[in-house]
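Look at the two complexes coming up: subunit A is in both, with subunit B in one and subunit C in the other.
Let's look at the complex of A and B:
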């Protein structure tokens, strides 16, 4: 066993086999130094345990996920197609609803979705863009095929981690980047700023955070720093004359033209949504409805990233773009449909069942993990509330190597890709690779102990 | 004028204060430690008197451990650093990730100290002082807005003057730091929360410029310093 205790440097050779092409990636990664740098730069996320807030360093694994240039071209095309179709779907749902009228998506799935907001009916966001930042989760099957696991169109987080990890890895191990031809991912802030500027209605760009005790606070503040946006909390903002303003400490006010909000729809405006929200801005919806401020991402997007709607995305792509989906969904069943329900009830012990109302890796149940009694209970719940669940085949996705106590072990990992929709739709040539630290687990979420890797897209 | 929010204005000021409290407390403990080595092992009690604190420590070893490492001791190095970090973490876009990293680095370094490393206190604290010099250099270099820099430095020099007065540093140092504070204060624009109260500043000026009067009127200076920025005035400015 090769124990990495006092040795800072080690060498790895990763052979990446893709459709007959072998890339040899020589990596000389200074793992300890990179982790020290991440610590020094405060790369943390917050979690609540037993009612107490704790900040943790996000475990980083220095072996990158590597995506070949050819593979990425396909992924990029597929993600642009998907984000464009989802944006068209959102416009349609809050306006003409042609996709429902034409029977492509059943109305039950739209109006029952908790993400559907009747308050957004007829409301057109600036430049007609709903999902400015789409965080799309994919996995790579052992067959080399990429599958979409879910779409995150509300407030997807995570881009800052590979962004800063790359910056620090380049500092710690510059030689790695001399020869490997890795696409530079440090343009994320520019992409984000371009997107904010494109929809800006006049005024500054601001990032609205719930505050320091939010799990993603590091990201909020880091992106504010990199984009030059003001990092604000709700009590620094107010609406006057149907415009959004930031109070300044000298008693003045500055107009906000784009609000990149990092709080959920239901808390954004207590006069329109949750009356008890203490983190919202009264009358924000009026300013938004008047077209005086762009809100990123738009309100009401939850209807499109609902786990139930996910099933219909390939159909949306066909409907709006006249194209076949380039990236496949994981094989999914909707117990809402009788045939699918019968299949799910029969095969429940080998499927993964997801509660559509849950997120962050919660509400994901692997049938194979359940006792007979629990399986029976789940069957009854599905029969009672078929709309509440989707079921998916367990994809045998590729394990990735990670370092654990100096040893290389294999773990499940996914990829969150970021698509930015502004003047054009662009895919960030990187992404957040999250991995499970538990050898038996498919759950990769940081809130459940997962770690992260950088994602290298090869430029040649 | 910068788009500084009310909360961030306060945070910038308190970042300056706590970062300086962290630094000056370290330096003063280092001087004190030098005295207790071979001159007066109970000299730490005089330090406590400067802050009106009772001796609950029993000996200098416990005193130093508490004043350096105890996060619950509001006069400790650790406490000041934690508060500096608390303020800094919400100011990343104003002060930069690089500057914030120095505070994180200082925390890692401080919490890595063991009780027995406090024996050679001066050497032990030296890397922390190096980090803070880098922090301030980073603030000078990375914070482009003069207005933001001035608020931070305003906090820094208010804190330094207060501690120097409390710790009864020699008169020339008090005068020097007072002049330094005045330079920063004069850069703060009128009608902003950290514009000084003229009456309080002239009280301080009259006393500090007169060395004899100063030695009898330290408390008056401290009282004027505490009222240099009126919180009520800051509230009035809220839209």
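Let's look at the complex of A and C:
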């Protein structure tokens, strides 16, 4: 109660202007108080820097991003379409490969991708679902249009942050959400549980974490708590008779029907992938191949969220669904194609160059930041290894207000939307808004020092 | 067609007790149009129920789990197979065109490839394979004990020494640079008391076998136990176990003889 009282003591009036509609929000919470509370809950993420593990606090900004109901309907439709096409693409790549045969996606982009796993050829995951949870990053341009920045189909994290932030702000100021007609985001737990239940092959749902030194450990434990799944580490699990089991405290065993794993593919089964892995479950692939356990997300998804494959997603939507993409990609060039390469080499000083092998905001180069010498080096590298890079126009995205030392300032922000594919494909009416704390930076990744906001989707 | 009797056994001994031992064996002969297993029996000691699945490369995986403490794991297979190379094998995977973990070439291998391809007038995948293999046997010496199961093509190439596995990896690396799809084979060969490795090369329609360590095409005296992009996909036994053991000793014996 002590904490709640403190939260109430700060009342601010903020006007949020959106498409001519004015929402008056009576209370904006004291950011410091909320952040203290988040700290107490252990809402942190860890990063490895120079070989050292550091836990970092993920700063919360109390001014929410607000998405209007009409806007969200369009985003929702576009995301469902995108996730469905990506799932069909993954099925196709690991089976018939029609999209390659029909010349829509060049085979080099598929088979050179480090996310493509030949070990998954011909393997069909339960209910044909590959990407159960898709974390799709978007930005809103100054033109009011939403653009897709990237797809994350392996183990996208981040849903827990807006969940817990909402939980805490709701405690402090329950009226705000009712008055403003904010869609309740607490249904994420149900969406996630439904998704796990739908593919379950008999047994419990379990969330596999590498342990407390993992960057997203808070999220793993929080999602397990909310969905009733068992939070497990690899030494509690084993494969026998090609089924996955959890050891129980009484010395028995319980069958696991769905494994929501938060470990990347190459560490998941040391007998199929990296033999050195100490965090995997030996012979998990055999249980999976036998259809005795669902793995969320499926193995081999990396081939579809490869930065090089991104370019082809609108073409995939057309190919598999016969529809035009509702949400646009950022204008992208592939130096792999000669025309695009010429354009990139000529305009390199105003483009963003991304190394397809890197993630988490690493390997993102803004041409405008480089010296002449570095630009020349980059040109040579692109000529030498055209497949390694994509280039994009810098999108002029809409800045969002954040509070810094009590002042409102404008910063770059993106939105990670969560799409859950089970019996149907559904978009969570919330999402993780990440912002850059550095006024000059476009990179919002949490590993690069960014913060987050809650995302309010208005229901009317 | 030839009929071959085969036997293969390995004995793993630990110098202390281990438990929670999970293993995956790839030692059941691969079934294909040119290789048919007439009979095959497998024995594992200590006795443990096992399950078979087929991986994406066409290998049978025998999976098992021993929770109790034990100090050894022995397994052996005995059987009879018919080899008939006049029936073509046409199973194909695009990944065989791309270099994999063991075969990624370094600068030296790439330079060697450029030199090779400039001097090679052969056109068909078979002739190019034979040419490459000839050149490799000129410069690489067969020698045991200098490389191990982790040695990559580029490392063996730098040493200029190695065993059959290394010859295979170097060949795969060069052929893939030459845009010829090819795969790694682990198996048994007549008159060879151990496991052997060779390669298969795709000629556009079907696979043919080539033995780079002996610099000769494969005949019907070879039995395929597993196949894949490189050794990593083909290891005959892999296992993970817990315990305070410090050393494991592995003894492998095999025998392949023609039945007249």
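Criterion: the second predicted complex is superposed on the first by the 426 of 460 C-alpha atoms of A that agree within 3 Å, B and C clash if a C-alpha of one lies under 4 Å from a C-alpha of the other, contacts with A are read in each partner's own complex, and residues count from 1 in each chain.
We adopt the following convention: a residue touches a chain if its C-beta (ideal position, glycine included) is under 8 Å from a C-beta of that chain, and two chains touch if they have at least 3 such contacts.
Model, not experiment: these values are computed from the prediction.
In this superposed model built on subunit A, subunit B and subunit C occupy separate space and fit side by side. With both structures placed on the common chain, the touch criterion links A:250 to subunit B but leaves subunit C unconnected.
After overlaying the two complexes on the shared chain, residue contacts for A:238 are found with subunit B and with subunit C alike.
By the touch criterion stated above, A:441 is placed in contact with neither subunit B nor subunit C.
Contacts of A:286 after superposition on the shared chain: subunit C is touched, whereas subunit B is not. Contacts of A:119 after superposition: subunit C is touched, whereas subunit B is not reached.
Once the two complexes are laid over each other on the shared chain, residue contacts for A:225 go to subunit B alone; subunit C is not touched. Taking the C-alpha centre of subunit A as the vertex, the lines to the centres of subunit B and subunit C open to an angle of 90 degrees, rounded to the nearest 10.
Once the two complexes are laid over each other on the shared chain, residue contacts for A:329 go to neither subunit B nor subunit C.
Subunit B and subunit C never share a C-alpha pair closer than 5 Å once the two structures are laid over each other.
Contacts of subunit A with subunit B, set against its contacts with subunit C after fitting on chain A, overlap at residues 238. Subunit A contributes residues 97, 107, 110-112, 116, 118-123, 238-242, 270-272, 275, 282-283, 285-286, 289-290 to its touches with subunit C in the complex. Across the interface of their complex, subunit A is touched by residues 20, 22-24, 49, 51, 53, 55-57, 61, 63, 65, 67, 93-95, 97-98, 229, 233, 238-240 of subunit C.
Interface residues of subunit B, counted against subunit A in their complex, comprise 1-9, 86, 89-90, 92-93, 96-97, 100-101, 104-105, 108, 189, 191-193, 234, 237-239.
On the side of subunit A, the complex with subunit B involves touching residues 39-42, 164, 204, 211-212, 217, 221-222, 224-225, 228-233, 235-236, 238, 246-254.
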